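Listed after this line are the structures, all set down as structure tokens.
One chain, chain A, appears in both complexes that follow, with chain B as partner in the first and chain C in the second.
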Partner chain A sequence: MASKNGIDRQDEDEVCPVCKSSRYLNPNMRFLINPECYHKMCESCVDRIFSSGPASCPVAGCRKTLRKNRFRQQTFEDIGVEREVDIRRRVMHILNRREEEFDSKRAYDDFLEQREEIIANLVCRTDVAKTEAQLQAYAQENMQSIKANQLLEEQEATSFQKKILMEQEEARLRQQMAREEYENERREQQATREDFLTRLASGSAVDAAALAREGNKVHLKKSSARRSEEERIRQKQAALRGSEGKRTGTPLTTADTAGAVAGAGFIKGLRKIKTPEPEKPYDPFMGLVPGKRDYYTQLESYPYAFLDKLRADTTVQAGGYALQEYYSRTLLEAFAGLGCFVQEEVAERDATSALGLSKPASTAGAAMAAVGEKAA
Partner chain B sequence: MALSPFGSRSPAVTVASPNSALRLKAAAAAPQNASASTSTIIRSDLNPERELAEQLNDDIRRKYVKGKKLGEGTYAIVYLGNYRDDPSSLVAIKKIKVNAEYKDGLTMDAIREVKYLQELSHRNIIALHDVFSSKDQNLNLVLEFLPGGDLEMLIKDGDIHYGAADIKAWMGMLARGVWFCHENFVLHRDIKPNNLLIGADGEVKLADFGLARSFADPYLNMTHQVITRWYRPPELLFGARQYSGAVDVWSMGMVFAELLLRVPLLAGMSDLDQITKICEAFGTPTEENWPGVTQLPNYVTDKVVPLQGRDFFLRQFPTAGPVGADLLMSMCVLDPRKRATALQVLQHRWWTTEPRPTNNEDLPRKSGTKKMGNDLARVGGETDEGLFKNAARQLDFGGKK
Partner chain C sequence: MIEDDFYRASSQYRLWSYTETSLQSIRSATNQIASDRVRAALRRAREQHLSSTTSAAVESQSEGATEEKNIECLTPDEELVLVRYYCEKTVELGETYRPPLPTNVRATAIQYLRRFYLTNSPMTYHPKSIMACALFVATKTDNHYMSLRQFAEGIPGDTTPEDVIAPEFLLMQGLRFTFDVRHPFRGLEGGVMELSAIAQGQGAAAPHLPHHTSDSLKRGILSLAPPPIACASVHDRIGRAHSATRELLKSAAQMTDAYFLYTPSQIWLAALLVADRPLAEFYLDTKLGGPLDSTNVGADASSHLQNPLYELRTKLSKVLMDCAALLQSYTPLSSDPAQMKSLKRIAKKLYHCQNPEKVNLKRDVAAPRLNPAVDSATPMSESETERLVKKRKTESQQIQQEGHSVFGPELVPDRTKH
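Up next is the complex of A and B:
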């Protein structure tokens, strides 16, 4: 009965330190604690004192303000252990960095040590204010990564649970199959024996031995065939399970630890998180600038008697021929190469080819042309 | 704007014999081999009757090692090759067949290919590394090796699935290549999925410049018998002799449609059938929608189909999305003057709307690319077949002292 309440003590004389009622009088008495001060009191005291809102602890000398909703049952008999476990849980909840987030094993170990130190500080009440402040600052700065890691932990826990359940189920299925197999075999054996007996009864005595041999053989054949069939099915299932396992059991991706950079001051050795560079907008020209002319601007039309006949020719224009293209081409050809210094380019190319960076001739030439244009 | 220094060379290069063509190339290559000139001089001292051009040619030829045959076309055989001093850097060596028709010279295709490829250097245009002649005066073009197959293979391979983002990436690369050609006043004149090769990194490259030429020359007639029929624009089918980059844009539009539908949009059986198919699909060209069209030499009409509106493209190409359908529509305008230019295509808003074009490394590859890729990844001279190929690497205790 007592263990049902989570208290393993069978102490009949236990007395509530607040109302002094004892278990002897009230066998259903449950003791509760509040993690503010860990002073023990019975359930009826909690109801009585804290039902109407927060109040100070009734234990003499303790002036902590307690709330009813924080009261809970004690897990460990030793209040000190209870307190340490609480602290540990809280700190671990905040400082929940994972090993993969660190540069090296050493850095992770350092982090673990740091965490233990914080816990020890809180447990032993050394530098409580400072440590608490540190912890709060860290929690605030790394809210996102803390959440992500918590989520990850939960996922791991559930997937672990699932795995165990699946394994149990599998074991059960295996047992069942083995049982069925055995049962089948037994039944079949019996059937062959009966068959053999009836044939013996109806047949003559001469072929009794032959029949016996034959019957044995048939049985062996049957059972081996069945076994191989079963083996085949099993293999298939195993393969299926394997592939499924691969699919479902995809390794949990490390938390997107965006925003963890801020915690770098507090925790050393955190891996630098590479925030993927935002993809540049697609450039249809891939860096080339369309229509750029360094030395001239093209006019709409140029008066030139030579072209007048062409201007009037609708057939030519119907084919898509455009004089603007002619203007553009002639102008381009007239100005192309300005600012290109072949001597310099050749010297430059020789220098690079001497370094063993031989480039295909045409590409090199054009690349240089581009360079020349830029230089101009 | 990046322009080749050769861009301003006179376009009227006439070639009388293969020998003179080679001399031309050799002359162009002369400054490139300045570093090797000392050895050349020594050799020319030893062998005074050998021409300088021949020596330069030999120098280039010796740079490459020809490997196994990759494929054979009507006028060329393509071999796999590599740099002699770097076996891992692969190239494709295109050996032009000596044609019976051009006994005294080179085929126009070869000349065009050399002439325009050496001028154009762009990510989306196949690179021409070198040109040399081998024995029997065969012309060899050293081209960039593109192991990824071509777009036609991807379109036809039913096992490959691709989406709007992939199409956008491919079209973007195609449009950049075409735009760069046009910006340098070169018409490709044979754009089709078959000629869009894919590099090891997934980049689409414009190849086969056998029909390319410069344009915008006034009073200079060009042939209308170019571009594979299914991708040929109406002005060429009507026999226009003066045209512009709009012809390549039409082909680009056809490739776009084919990428979306996975079948050629307008697969005409004959030139006339092609005109009929175009009219049925987009509407009949008339004086109203295309002023002057009736004066084109081969203009024909039977029944007049009204021009298709925007809703036709929206209905026909739902995968492109409304903006993509708009772009396709602008590329498939009958009147070449109203058709989008390659520049306008690239300035279209489709490129910046969702979905973003797929990154090259994520683009679908042809099946079997893996093997090719492995070949490329391997360092030259290294082979898998060793005695201990499956054994774990032995621990080296030599370094530990």
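Up next is the complex of A and C:
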């Protein structure tokens, strides 16, 4: 039965359902599908029917309007799988929230479940209209965040690709190095052995022991070379680990700035986006306006005979003496402390200091002295 | 008000502002300690004298005990009169120099004296020696340079430079090492400057009362009630008030406790109030709103609402009245025969109750200067310095004793010997 089925399908594949031409007659024949209705037809049929613009599907009973540019080759043998993969891709493209964007792991899981439900609805054709509407609304509202996340994904993909390539390249280099090293070693060994033999042949018996020692040294050198190789591998692994950490350490960048608030109605548990407050200009006086005064407004100049003399005096002016300084100082001193009511404020201060740390220092000293006196 | 916060940062506000009661209690405490000390010192002196002269110590011992009770010490009030007399003397001393010392320097010296005698008694340190030193320190802190020799030469009598600076460290301790004195003089200049600007129609409205214009201010100052002494013009009036206020600040403000009880700004406004009341009231009104008449009681509620400074203004006018009363209560000692008489009595009394151990400051001061373990935050009252000296003495004795103990002499003998 199974074998028969397989043969059947093979047969079906070989024959175009529209023009009934078979692969047997045309070995270059290619079959295309359109994701609108997933009906299969051969390339020549597509060219023939859809070259002059959109037309309805030639399969009997299917009234879908198809366009030529949407036709593509089938990836999976099973049309159902093909369709599901398409749907999944489309939905994932829109609902591309990332884990970092959620408050908790739980919220992210809920989102994944919701997404699966939507995909299942579309695949099984339950509530298609409603689901599609939801999806469209969401896509429109979150255009920016979707785009940002897509960009992120792309970046990740390319960087991942790059990393793989780099790793491969490194592995290749490493292998090559190892091979070369091994080759060198072998050659060296051979050379020393030859040297050793020739020396043994030419030298006296006394030299034999010394020569043997030298042979040992070569072994040592080899092992140290191997050790350095191991060291290099370890370093590389550490570097890999480091880069991984860096990758996970930089979430929430571009995708974050998009308005997730809009999507909050559809997807729950999205993290509230804290737009960082624009940094205020640095205020060295902590809110104090330097020139602000409460009791007076300083004028440009004051009619005051005593100061007019100074103003005319070049010896005073030459030093850079500014009368403005004098004005501000005298006026400040005129009013500094006008509203300080010493009687009240000092009484209050004394009361608090008596409760707290120390009595007024003089009386404390007096008390101490009195005690000392008695002791004496 | 920002200006008030500026003042609150000063050491004058933080360390040298008192209420009347706290001022009194500090003075009486100082007096109490000093009199105890004087009695003890006199008794010691007598015992020493007796033991050195005769063997009849035994019978005179009881006599000494009864006599000791008879030593009459100064009261806080008498001390205050004495200090005030020497404050006046400081002014005279400043006059003797050619050119005379600036008012600022003299005023600072006076305040130094007053501050010093809050925690020290004239019975312990005679004001005559402290006075010159205070004036000398004031020339330094107020940027009026004078060499010590020049300064000492200016003092009548045969005062050597060493005499002048002998109590210098002591004085600084008494001042808690705060040399900043905020005077009302410059503030007065500022006020007069503004008043004359108003009189010329150039006045600017205060930040909290923007409804004033220079014209309305000028009209206000011209329509003031006439001054106590008739003047030809507004400028005359301001000038006269200025000089009168200045005189008051130079004398009454210095010789009373005004600096301890009020802020410099309040002091000069109070002095202006004494000199020319309508003018001062008008000036305050331009700053804080007003006027505060009992006639517009009906409008009081509305004006209260209009003017957020109303409360400050009423409070301030009361404080200024108090301060003015204090300033007016002052009469110079030298002009009053009765006061001079009592002063002579006090001086005589002081001669008898002067602490004999503190007379020679030149010798004494050398010792404390070597022991400058002083907390600048607390005033070093006389009792405390002595306590420190005593403590150090016992410590050194202990060290010497330990030198002969079982563990042998101390480890670094060389360093202590030299």
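Please note the rule applied: the second predicted complex is superposed on the first by the 242 of 376 C-alpha atoms of A that agree within 3 Å, B and C clash if a C-alpha of one lies under 4 Å from a C-alpha of the other, contacts with A are read in each partner's own complex, and residues count from 1 in each chain.
Everything below uses one rule, namely that contacts are C-beta pairs under 8 Å (C-beta built on N, C-alpha and C of every residue); 3 or more make two chains touch, one makes a residue touch a chain.
Since this is a predicted model, take the numbers as computed values, not measurements.
**Q** Between chain B and chain C, whom does A:Glu279 touch in the aligned arrangement: first, second, both, or neither?
**A** first
**Q** Output check: A:Asp350 vs chain B and chain C. Expected answer is one of first, second, both, neither. What do you get?
**A** both
**Q** So, A:Arg329: does it touch chain B (first), chain C (second), both, or neither?
**A** Both: A:Arg329 reaches chain B and chain C.
**Q** With both complexes overlaid on chain A, does A:Val59 touch chain B (first), chain C (second), both or neither?
**A** neither
**Q** Contact-wise, after the overlay, does A:Leu288 reach chain B, chain C, both or neither (first, second, both, neither)?
**A** both
**Q** Classify the contacts of A:Thr315 with the two partner chains as first (chain B alone), second (chain C alone), both, or neither.
**A** first
**Q** With the two complexes superposed on chain A, say which partner A:Ile87 touches: chain B (first), chain C (second), both, or neither.
**A** Neither: A:Ile87 stays clear of chain B and chain C.
**Q** When the two structures are overlaid on chain A, which partner does A:Cys340 contact: first (chain B), second (chain C), both, or neither?
**A** A:Cys340: touches chain B and chain C.
**Q** Is A:Leu299 touching the first partner chain B, the second partner chain C, both, or neither of them?
**A** second
**Q** Per the definitions at the top, what is the overlap between the chain A residues touching chain B and those touching chain C?
**A** The overlap between the chain B and chain C interfaces on chain A comprises residues 288, 292-293, 307, 329, 332-333, 336-337, 340, 342, 346, 350, 360-363, 365-366, 368-370, 372-373.
**Q** Applying the document's contact rule, which stretches of chain C touch chain A when the two form their complex?
**A** Interface residues on chain C, with respect to chain A: 1-4, 6-8, 13, 17-20, 22, 25-26, 29-30, 32-33, 36, 40, 118-119, 182, 186-194, 196-197, 200, 202, 204-208, 261-266, 268-269, 287-288, 312, 315-316, 319, 377-381, 383-384, 386-387, 390.
**Q** Show which residues of chain B lie in contact with chain A when the two form their complex.
**A** Within the complex, chain B contacts chain A at residues 1-8, 29, 31-32, 34-35, 83, 117-118, 120-121, 123, 127-130, 142, 144, 172, 175-176, 179-180, 183, 185, 215-219, 235, 240-247, 290-293, 295-296, 335-337, 339, 343, 346-348, 351-352, 356-357.
**Q** Given the complex with chain C, which residues does chain A contribute to the contact?
**A** Touching chain C: residues 288, 292-299, 302-304, 307, 327, 329-343, 345-347, 350, 360-366, 368-370, 372-373 of chain A.
**Q** Give the list of chain A residues in touch with chain B in this complex.
**A** For this pair, the touching residues of chain A are 279, 281-282, 284-286, 288-293, 306-307, 310, 314-323, 325-326, 328-329, 332-333, 336-337, 340, 342, 346, 349-350, 353-354, 358, 360-363, 365-370, 372-373.
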